[in-house]
Amino acid sequence: MRHIISIQLFNYGRRQRRTLSKKDLNIKIDELESSLGTIKGLEIQIGRITDEEWEEPMGPTPFPSVGTFRDWDKKLLNRYKPFYMPLCDLCCLCTYGKCDLTGDKKGACGIDQKAQQSRIVLLACCIGASTHTAHARHMLNHLLEEFGRDYLLDVALNTNVEAPHIRLVCGYKPKTIGDLEEALDYVETQLVQLTAAAHTGQEGDNLDFESKAFHAGMLDHVAMEIADISQISTLGFPKGVSEAPLAQMGFGSIDTKKAVVMCIGHNVLPSVDIIDYLMEHDLFDKVEIGGLCCTAHDNTRYDNRAKILGPISWQLRYVRSGIPDLVVIDEQCIRLDIVEEAEKIGAPVIATSEKSMMGLPDRTHDDPDAIVADLVSGRQKGVVILEPRKVGEVVVKTAMAVSPKRKEFKEPSKEKLFENMEKCRGCLECVMACPNNLPIMDAVKACAEGDLSLLSELQPLCVGCGRCESACPEDLSIISYMYAASADQCKDECFQVRVGSGAITDVEIREVGRGIVFGEIPGILALVGCANYPKGGGEVAKIAEEFLKRRFIVLATGCSAMDLATTLDEEGQNLYEQYPGVFDAGGLVNVGSCVSNSHITGATIKIANIFAKRPLRANYEEIADYVYNRVGAVGIAWGAMSQKAASIAAGCWRLGIPVIVGPHGSKYRRNLLGRKDKEEDWITLDARTGDDMYIGPVPEHLFYAAETIEEAIVMTAKLSMRPNDTTKGRAVKLSHYIDLSKKYYGTMPDDLELFVRGESDLPFTMKVELLEYLKKKGWEEGKIGMPDPTLLDRMIRRKK
Amino acid sequence: MRHIISIQLFNYGRRQRRTLSKKDLNIKIDELESSLGTIKGLEIQIGRITDEEWEEPMGPTPFPSVGTFRDWDKKLLNRYKPFYMPLCDLCCLCTYGKCDLTGDKKGACGIDQKAQQSRIVLLACCIGASTHTAHARHMLNHLLEEFGRDYLLDVALNTNVEAPHIRLVCGYKPKTIGDLEEALDYVETQLVQLTAAAHTGQEGDNLDFESKAFHAGMLDHVAMEIADISQISTLGFPKGVSEAPLAQMGFGSIDTKKAVVMCIGHNVLPSVDIIDYLMEHDLFDKVEIGGLCCTAHDNTRYDNRAKILGPISWQLRYVRSGIPDLVVIDEQCIRLDIVEEAEKIGAPVIATSEKSMMGLPDRTHDDPDAIVADLVSGRQKGVVILEPRKVGEVVVKTAMAVSPKRKEFKEPSKEKLFENMEKCRGCLECVMACPNNLPIMDAVKACAEGDLSLLSELQPLCVGCGRCESACPEDLSIISYMYAASADQCKDECFQVRVGSGAITDVEIREVGRGIVFGEIPGILALVGCANYPKGGGEVAKIAEEFLKRRFIVLATGCSAMDLATTLDEEGQNLYEQYPGVFDAGGLVNVGSCVSNSHITGATIKIANIFAKRPLRANYEEIADYVYNRVGAVGIAWGAMSQKAASIAAGCWRLGIPVIVGPHGSKYRRNLLGRKDKEEDWITLDARTGDDMYIGPVPEHLFYAAETIEEAIVMTAKLSMRPNDTTKGRAVKLSHYIDLSKKYYGTMPDDLELFVRGESDLPFTMKVELLEYLKKKGWEEGKIGMPDPTLLDRMIRRKK
Amino acid sequence: MSAKLRPGQTAEIAGPKHAMVFPKPTVVASMIKRAKRPLLVIGSKAPEIVTDDGDLIDYAIKIGKKGKLTIAATGHLIGEFKKRKAKNVYSIPFMNLGDRLRDTDWNGFDGKGHYDLVIFAGSQYYMEWLVLSGLKNFAPNLRTISLGNLYQPNASWAIGTVNHSEWMSILKEIIENLEEKK
Amino acid sequence: MSAKLRPGQTAEIAGPKHAMVFPKPTVVASMIKRAKRPLLVIGSKAPEIVTDDGDLIDYAIKIGKKGKLTIAATGHLIGEFKKRKAKNVYSIPFMNLGDRLRDTDWNGFDGKGHYDLVIFAGSQYYMEWLVLSGLKNFAPNLRTISLGNLYQPNASWAIGTVNHSEWMSILKEIIENLEEKK
């Protein structure tokens, strides 16, 4: 047994944990005897032995605490004031309640409605960030055990800045996977502080709650970075490659003649063991391993013979199809009735995380064959196995043994799937329960009379939530009906998805930095998050295509990266096949799973650092100020619904990256909206002179729920503008904005005068037309300034 | 500047962090040169240098993770099944919702109502435990900075087991305050895992959620222990003294001619600086420092010239009295409208924690005199000062300068206080908003007509929540009216409160252990938590007195410890004055603030370890099994309302200590109730033989909301019984149970037959009467066993 | 049609499923009369609820007697019933009672089977609210009535929010109508 | 009296304060007529809502014309209004509109002052729910009407949950009654 020691340095001059910048030391002791005993194979690192390579002096804010960036946050929040839309007027968080907070009422603790709404936002962000952090901790603990603390981080090809978030936030440069732990410790400490702030009787101010939510978001990106770079480094995932290989997705990708393992969740470790087992025993021709959600992405990053079943919203549908022989759940995005649902199709469930044990017996320490026997016989409908390295054998053996016994379930007849349909009593409970008020009853009734068309039309509109079934007093299996009505089509569907490529390399950043910062590449569009929106498939692909054509850099992660694979052109090619998989204008990159979102924000940080040479180390505010004012990045999380999505978005906000969500995103309880009609809100400092300057409403919003995809598209074009755009860049962006407005709104934008700084900003071909428009609007040349924009006093070079 | 290094050891054989047990090492380097530079004053500790003193071998469960005690938890939860009472039928935690979970409906994520309720319980426990953990972190960081890592822990007189929770849970023995950090790191890591489990789509089973809530509770007690033993060790608090000194409490304790500083919260650090400043500048005769909630306790532990203003429920009343010249808030239990309320009486607010910044400007880095000037002039209604060591000067100077200017506020006239009363329009909104439906309207109307009696009768029934005012369409100041109606009485009230004595010493444990375990001391009753119940004052004191008379050991903390000081006997003596302040039969000990609750559970752990010699180190299950089966401890948190109370209670449950809460405690969404009518639920193992044995329903419940104080009293007597009671002990306990039933229920208990194992269990004086009763009930001698009770298979000494 | 229902406490909102309000007292009476195993649960506020000629306990005893109901006295209330020599009254903590009522295997205080109708009166408003919530959610087949004067959304049926004198006359009418039990 | 109000979505429960349901369509009309600065907000579902002789956009244009209302078209709906040559229509994202409506300093699209009555139709149910929630809580003096066919609790007044044909006849009646505007 080897003992390895990590060391934290406390610098007594500050309350925050700190690393020494240059006073580094590395002691190795092969054998040491002391009065206390003998120690072998001991290695002591004091400070970061890797630091020697990092000449950059420590920035102002290493390991920032809850209040460190409060001023920065409030600058943003003052421009983008929260518009609160309570999802409930009550608070029920403590037994003093429920309290009615409607309007100007206060709770028994003295809280008001705005503070309450922002408290819930904070809580959501804490839960979300905790989820990635807990995931990172589990991942890292396991990888440290398996690969050792000294295993070198190797994140992306030709890349020096391996961990932009850790460098930026924590102020150190990790070299080995062991080095990641300090950042993780820090994130955990801070998250506990934030969760505590949501306690009854702590924080009371809504903007302070918002600032804390931003803090959670910033921490979340550090945690996601840790989770992803540790797995990329150790598990052989693509390291920022261009044109990553393709993997297959969809019902049609699965060979149902094999035993089918369905992995659900976000933590690849159990799946890795399954894939390793399949490889070692040469069983890929006998077993299909398919995944849902991020585990699916990460499986294909590990081995692209793994299949992607689809995004979260297809979970119930896949189970109802009867195809899976065994279900493996790890963590996150698991339907909580999965055990019950799997039982109905005779498929055992293997739970692999302490966070999600589902009431199943823990068999971690039992003999694999005994577990297999219990599962195959049906004595147990599922088990917990917490050691990832024990999952493979049990899963593969069980799936192979169960598969032949499941014939009756694997191809359920239409009769079986349509069972009981005629019992529909027309009560409309299903419709009222449906988050989208879909016309379920009509479809069921029509189908009962032989017309399947309405049901199969519903299928693409349905997010697979199952609330209709749950509400139905006749317990009709509405999702099975929808599946059955369209099974013939979807069974053959097989799409190509580019495998997640991981972090953006330094080289790529260097190449596109200029184009992005000066606006010649009109923007970076990130399509991220879940697929819980009606018309999954069509919508996100429509956005992606629109901006790919316009030579935006389009990035995707998670379920969105899957969803946009499902739209095909006339030649049957999807966007991954039509567009190059490169981080460059007109390129479409699947970055990876949800934790890979850190690479998207990471790329914007790297643009500031690598392209613009802004100091990175513990220098958050300056970098955020740079990204906000210069990098035309926009995130769209069209299906975002979870607490994780909230915290990921919050991490974008603090960096100044606007995020658009779908209509149900209004349920996040508030938007952060700019007021383009208020000039005073858009005054920025000119770093050259310190002068205040009106810059127009760019970017107009920070967090914004769009009502329709068309609105989101036009808004994306608008939000890609930044005060720093060159005239050429602004002209390009304006032409997209105008063009897309005309296309989707059937009209010119009515606010162009706010974005045209001078005649030279005008797209050449429209100049005459636009000048006329501007004249009518009373536009003045030069009213909108072109400063060296900053929100930070300290960035001013020459004070007046 | 000195750099001190803490070291974590990773034992690669397990996933959990571990300390080496004996291979310890301590390196000091005064000066070291390496290629990287020169290091001075460096000290390296590998492992725990303190471990050499701890011969005890490592137990089975050091640093347990989320699932480690799942089996134990489920044993308890199987006996005490949760009875869920949703406070809301909906879930609104993600944007898929709101989902209707009524009955057997499921949410869009597949969750059902039971899992949802238990998820909210988990979330509450996570928030609660995070709050103490964040508090501990803030406290420890500051104390490490001020006193150094090597500062020796010195918790209690003549005490070896300084940190029972850390030893039990983490499996190491801290010697210095620096050693506490490892446990705190661990707690934070685990809490993040638990918070993550509450994310949409993670855990799905209600009992797994409950087990996780228990885990949060266990962690909470570790965190509370860290917070309290670090402050006890460094700040000169009483160290487990008997007969701790008295401090003064109440309106009457304040000399209003002095400048009055009102400190609210839980974190003593800013107050310490204020007291230090007063001492250094000899200003105690010019300034009164009074506290609310735990800060008040801890202030008096630091210096008993500090005053206790009262429990949380008096917060608004104190402000309305106009007496405070300045309000200092630290963290927790702060009314969130405090800035607004303080402004109304012209008192500035100093916020001192990042967790509670209340929208005030951060002046941490400004010149104290400049801050004072801004506050005194009213340019700022309050400020944030995050450095505790900067608070004293600002607070004292500001209070002294503000005080003379506040004459008009300090003694508001009755007319002023009763203002607008006649505007009451009789709409009843106040009554409907009141958590206790108090007859506010009638009282206001009567008062408007000159009859103050109804209002002053309301005062003791009112929990000071302010919801009535907030609901009143005329914005009537109902709380001010209540205060005014009874100001004349309460202004002179001054009560003696024994200063918090801190941890129970090993010596005390040794002396009472036997009596408790064999039932001769009928029980330990802990009165803890908030005072948010009608009739604050009377109620808790009534319970305390009843059991003091019956020679229970009565412990109190937090607001309960204050509240029970307010009841006086004919001679004007309260319970602190009537009963000895010793940890022994018939003694009443104020243990301290809320974090001192860890000493109460710690005492039960120490009984198992010190008295019964059960191994302590990383041996949670065995100790909990011992406490549950043998230590007749019962907690009453009559006014519990917060998330902290939930997690504190959860820490008791996992140790097998029953907790009773007041009626509004039913709003915690579930009780954990035994079914005495089901014999099969009360089968326990006999450790001597491994036989199953029926032991009767002892203790009957684990978490239980009582409807009335009388019910709670009788139930306390009942819950003090344990299977291990000697016949003499059981007879004593039964006689109290019978006696209290007769007194408060006016009748014999109707379930005595379940507690009488044999004739010798019967209280001698009632033998005849009871035998007759038992005969009627069909009682059989010996049906109820007297095993060496355990729930753990591995405790069986001789297997059948 | 107005959506305004006068609540019992401002924030009492429970969920989509909530109590029907009795159109008239006679319906309550006939519901009780039709029940096979009705149970009357009396909470500890009962002695504070003053009636013309006594308190709610007296009314409860009358209802129990006339409607042949078993009575469960919660809190420490049993003593009051004993004093007044009421029969068929059992003492049980309110939480325990809720817990047992949701258990379909429970056979009642007398072991003769589960109750089919449970009627609540005299409890702390919010505690009754919560016990009824537990029953609404987890005892779907149990019918519950709240006789309190503040609307209890989680019951199956409730009297609704009425003032004291209205309430008293409703209770009286219920008692009167119980007389006619065959 | 039954407490059952037919909701627009099962879990739409908002809080103690919720919309009144119009007793009859003429009340809507007269409310609009009495308003000084009414605004009609039309959401992006409008083209999908088919009427006898067109869609909800046609109705909206009629209401706008007859009641002299400014129209705000949310989402990408403005194009439809332009096509139909409607006057006095402004395009604005729904979220922005909500945000401005709660700002008492906002002077409307034409700068002539805030609106005193805002009428919603054609929006995604839950999005309207939320915007109305924002207004209910933070624009206490703004009166709001939901003309949707699912009950919107957060409006000041709502049509309530009605089926398509009932809804259409209500809308028609409103339009007819607007004619008589002096």
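In this document, chain identifiers A, B, C and D correspond to the written order of the chains, with residue numbering beginning at 1 in each.
Everything below uses one rule, namely that a contact is a pair of C-beta atoms (placed from the backbone, for glycine too) under 8 Å apart; a residue touches a chain by one contact, two chains touch by 3 or more.
Just so it is clear, the model here is predicted, and its values are computed rather than measured.
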Which of B-C and B-D has more C-beta contact pairs: B-C
Farthest chain (mean CA position) relative to chain A: C
Centre distance in Å when chain A and chain B are each reduced to the mean of their C-alpha atoms: 38
Centre-of-Cα separation between chain D and chain B, whole angstrom: 51
Euclidean distance of C-alpha centroids - chain A vs chain D, Å: 35
For chain B, residues that touch 2 or more chains besides their own: 87-88, 90, 97-100, 104, 433, 435, 471, 664, 667
Shared interface positions of chain D, touching two or more other chains: 7, 10-11, 13, 15-16
Residues of chain D defined as touching chain C within the complex: 1-5, 7, 10-11, 13, 15-16, 18-21, 23, 151, 153, 160
Partner chain B, residues of chain D touching it in the complex: 10-13
Partner chain A, residues of chain D touching it in the complex: 7-11, 13-17, 43-44, 74-76, 78-80, 82-83, 90-91, 93-96, 98-100, 102-103, 106, 123-127, 130-131, 133-134, 136-138, 140, 150
Of chain B, residues touching chain C in the complex: 81, 83-90, 100, 102-104, 113-114, 429, 432-435, 437, 471, 663-664, 666-667, 671, 673, 675, 677, 701, 704-708, 710-711, 714-715, 744-747, 750
In the complex, chain B residues that touch chain D: 90, 97-100
